[in-house]
Amino acid sequence: MTLTSRLVAAALGLAALAGPALAEFPERNIESIYPWAPGATMAASQVIADAMGEELGVNISVVSTPGAGGVKAFETALSRDADGYTLFDGYVAPLVIQPMKGNADWTYQDFTPLWSATSNSFAIAVRADDDRFDDLSDLIAYMKENPGDLRYSPGVAGGIPHMVGAATLMATDTVAQLVPYPEIDVAVRDMRGGILDFMVTNPGVYNVNKADMKVLAVLSDMEDASTTYGGAPLVGAFDIDIGMANLSPSGWNWWLVRKDTPEDVVTTLRNAMEAALKRDDVHQRLLDMGYVPTGFSPDQYEEIVGAVAGELEHGQKAIEWETEKLNGL
Amino acid sequence: MFDLLIEGAPLYFSPASVLLTVLGIIGGLVIGVLPGLGPLMGIVLLLPVAFHLDPIPAMAMLIAVYVGGSAGGSISAILLRIPGTPLAAATLFDGYPLAQKGRSQDAIGLSITASSLGGLVAGIVLIFFSPVLADFALNFAPPEYAAMALLGLLTIAVVSEGSAIKGMLAGGLGLAVATVGTDEFTQAYRYTFGTINLTSGPNLVAVVVGLFALSELFVQIEGGNFRDRPQIQKLRISFRAFRLIVNHRWNVVRSALLGTGLGAIPGAGGDVSAFVSYAVAKRLASEAEAYGEGAEGGVVATEAANNGTCGGALIPTLSLGIPGDASTAVLLGALFLLGFFPGPELFQYHADVAGGIFLAYLASNVVLIVLGIVLVPFFGTVLKVPKAWLLPLVLLLSTLGTYALQNSVFDLWVMLAFGGIGYVLRKANYPLAPIIIGMILGPVLENNFRRALLLSRDGPMIFLERPISATILAIAAVMLVYVTITTVRPRKRS
Amino acid sequence: MKLREHAYDWLAWLLIGAVPLLIFWQNATSLTEQSVASGGPMSNAAAYPAIIAWILLGLTAVNALRIVAGRISQHSPLDPTPTTRLAMIATALFVAYLLCLGWLGYYIATPVLLTLLFAMLGLGPIASLAGAIAATLIVAAVFEGLLNVVLPLGIFNFTLFG
């Protein structure tokens, strides 16, 4: 319908007739419910939303709905109709971790997957001019000699960066004082000021603060991850097995819709998202922002997400191990 | 200091930013002219729009509204003897008598030019001082930030209008509201009463709109006179003020500097600085007896000062992340949500953004002097719109603006609830701004407080062991003692 | 007690005084159940709010003494104006609007609310209706058309500019 004809329809009081049954999906703007506060990560989702919207001929607006570690966004999207007009920006936290902790009553199998979007790995970084630590081995050796003396921040407590950080400490049987920062950017400030000794960073923060930080190890076993940190070594190079592989030690999101969404709508959305993700400009923009497009198809969902769920239990255990160690200091 | 401007230039000088500065000034002037609404409301109503823009155009628009709104209030003060905003209350003293003498044109011209020039003077101070202060704040760590937040909040509570106790109660209420949501350290749900909607706390914008706009609408409806069209003199565009203002050049500079200095102290808003600089101008004037009877100098002093306050209030906001007043508190919140953290790192890592914001502030004041003069007849028309039209429209905009942030009807209930709270507190003569500042500084205070304790491992001594945080806390303590003394001792009030 | 002269002061007092009690109650129940009400700064989410609550409680107590002792110079009596009733009705209309918004959708609920408000404030019926429809459409065009916001659709699933 053109704008004029819609206006005429409205004027004639035909509002009720303009229901969804008459038109082909999509005939109005779509919302993607994003689980965090606005920021760099939201910009990456917006890139995909814009491209996908262009493919569909409507706007997809990314609606920031932070709260309860992502659960609020999922609850919000679940409360909407299963008509394909509401997408879940399915971050691993609300999708896998929160149910695992008992904070949500769904599992990843309760959603219909579209395509996977992006992933970003985490890395251990110290001050650029910190000459105590040339590489990860130095850092670990120092922590072994002085347990609990160093202070580190993984950003938010309990998140994936915290899991991989704790898993690294557990694998090497070392301990450092945890200092959480809801805003990881602020942790960089305090690391530079000497308050923190190291941090678990993400590529976005690394990109902005390159000059002030030295990446000791990328906490991943994927070669691609190293490139987002200017070619820094992977943690495996130091003979450390953090007990998490593939996607597990990284942040990632998989776009989803409600389980009972009509099949033709799901197909339309999947095709549009595939086309959007395969565009070179989209690919490059995401990479430039530090996000690696993962490009897993809907049929790989079960296999990949299922595996991640198991390994995140390990990360959860690592955090519990760390808490005990810190309490025992 | 100029490198910041040079770095910011490519960011600011885009068609979108310049256009939004112009629109922001017009919007700000209109909202300032309309009695009851002020720059804060303008900023709040445009927040949802801002979040759909790039950071610099968004900030340009919000800052322009802030500047335009602070200047616009004087027009209704001069023409109707109703200050459009509390900022313009002191403009009444001489602006209205001037208008009575048939010089409303000159009075408005003077107030606009004084506002604009005052703003520019403040802009220079802002550009000079913010990086210096930010540089100093590089030494800040969690204990200092916690102490700073505490001091900022205490000042705001003490300096706001009304009694200090009520100011502190309002600030404490803001701090309490800020604790609602998901705790950042334990990830526990705090005071959410079982609803998922509260897991990120009540939406700041919903609270601001409720406290300020909804309660104001209620008061306005109680005020009656919905269909009155005020009688005002016919207004034409006149550039005579450019010549008149030259006679007051020292007054402009002095008042603007006073305004900037007071503005930089968190809490001392534009209304305070307007009254102070009015008093100073009167004392120094060669014909002091003319003040109050329609002296040009009176209008110039108050308007230069209250726009200077805007620039001043931006200094601690940008360099420390401690807002100078309620409007800058919301600006600060906007900057957060756009992905930037005001403070030293803004100047270090996002010098272009900081520079862009400075340019936006300067440009706003330049645009103000042009549009403020050219659009005078239009403002005369705006003032004639009866309240019967205006009030429902403000309600609609408040509602949609709040809804659009998270597409949430729950936020609208939050807005309504805080509308009720705002009304009661307003009737009981509580200042409302400390609530907002408390909400914004609350997380800063709590997170840094707990972080500092984690860092120290042996309790709160860390706050006293570090010289800067100890100094800040000492200042706060002195202030507290002072307030206690003045509160306990009976005092005469006029 | 000077209840009349300081009616709003007492109302505000009750309002603010209830906050620390809420905090203590929740600390003792919800936060204790989540086991985040004890321990060090990392695991204790209740300590900081409790400090705020004690401060509020202290200030509230002082404030009560001040009102009782007549140390508050500005009175705040309940003083309804001739149009306070209108303001109450407007509030009731707005509550009804919020209740119906999700169900009827923006395009039906908003013109009704605006027409009633305009008319209530003394505009003629035709002007009220026309103004309400115009305002609804213009504001919707900005929010849906320019800002891509999805306004409440209601049971008719209707949108104009989306």
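As written, the chain order gives the labels A, B and C, with residue 1 at the start of each chain.
In this text, a residue touches a chain if its C-beta (ideal position, glycine included) is under 8 Å from a C-beta of that chain, and two chains touch if they have at least 3 such contacts.
Please read all numbers here as calculations on a predicted model, not as lab measurements.
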Distance-to-centre winner among chains (Cα means, whole assembly as reference): B
Of all other chains, the one whose Cα centre sits farthest from subunit C: A
Averaged-CA centre spacing for the pair subunit C and subunit A, given as whole angstrom: 35
Averaged-CA centre spacing for the pair subunit C and subunit B, given as whole angstrom: 22
Subunit B, residues touching no fewer than two other chains: 185-186, 189, 407, 451, 454
Sites on subunit C at which at least two other chains make contact: 42, 148-150
Touching two or more other chains - residues of subunit A: 31, 157, 178, 180
Parts of subunit C lying in touch with subunit A, wherever the complex brings them together: 42, 107-108, 144, 148-150, 156-162
Residues of subunit B defined as touching subunit C within the complex: 48-49, 52, 163, 165-166, 168-169, 172-173, 175-176, 179, 183, 185-186, 188-191, 217-218, 221-224, 226-227, 387-389, 391-393, 395-397, 400, 403-404, 407, 409, 412-413, 416, 421, 424-425, 427-430, 446, 449-451, 453-454, 487, 490, 493
For the subunit C and subunit B complex, residues of the former touching the latter: 6, 8-9, 11-13, 15-16, 19-20, 22-23, 26, 30-31, 34, 36, 40-46, 48-49, 52-53, 55-56, 59-60, 62-63, 66, 71-74, 76, 80-84, 86-87, 90-91, 94-95, 98, 101-102, 110, 113-114, 117-118, 121-123, 131-132, 135-136, 139, 143, 146-152
Complex contact set, residues of subunit B against subunit A: 51, 138-142, 181-182, 184-187, 189, 196-201, 337-339, 341, 343-345, 349, 406-408, 443, 447, 451, 454-455, 457
Complex contacts: residues of subunit A adjacent to subunit B: 31, 37-40, 43, 63-69, 71-72, 75-76, 151, 156-158, 177-183, 185-186, 188-190, 193, 195, 208-209
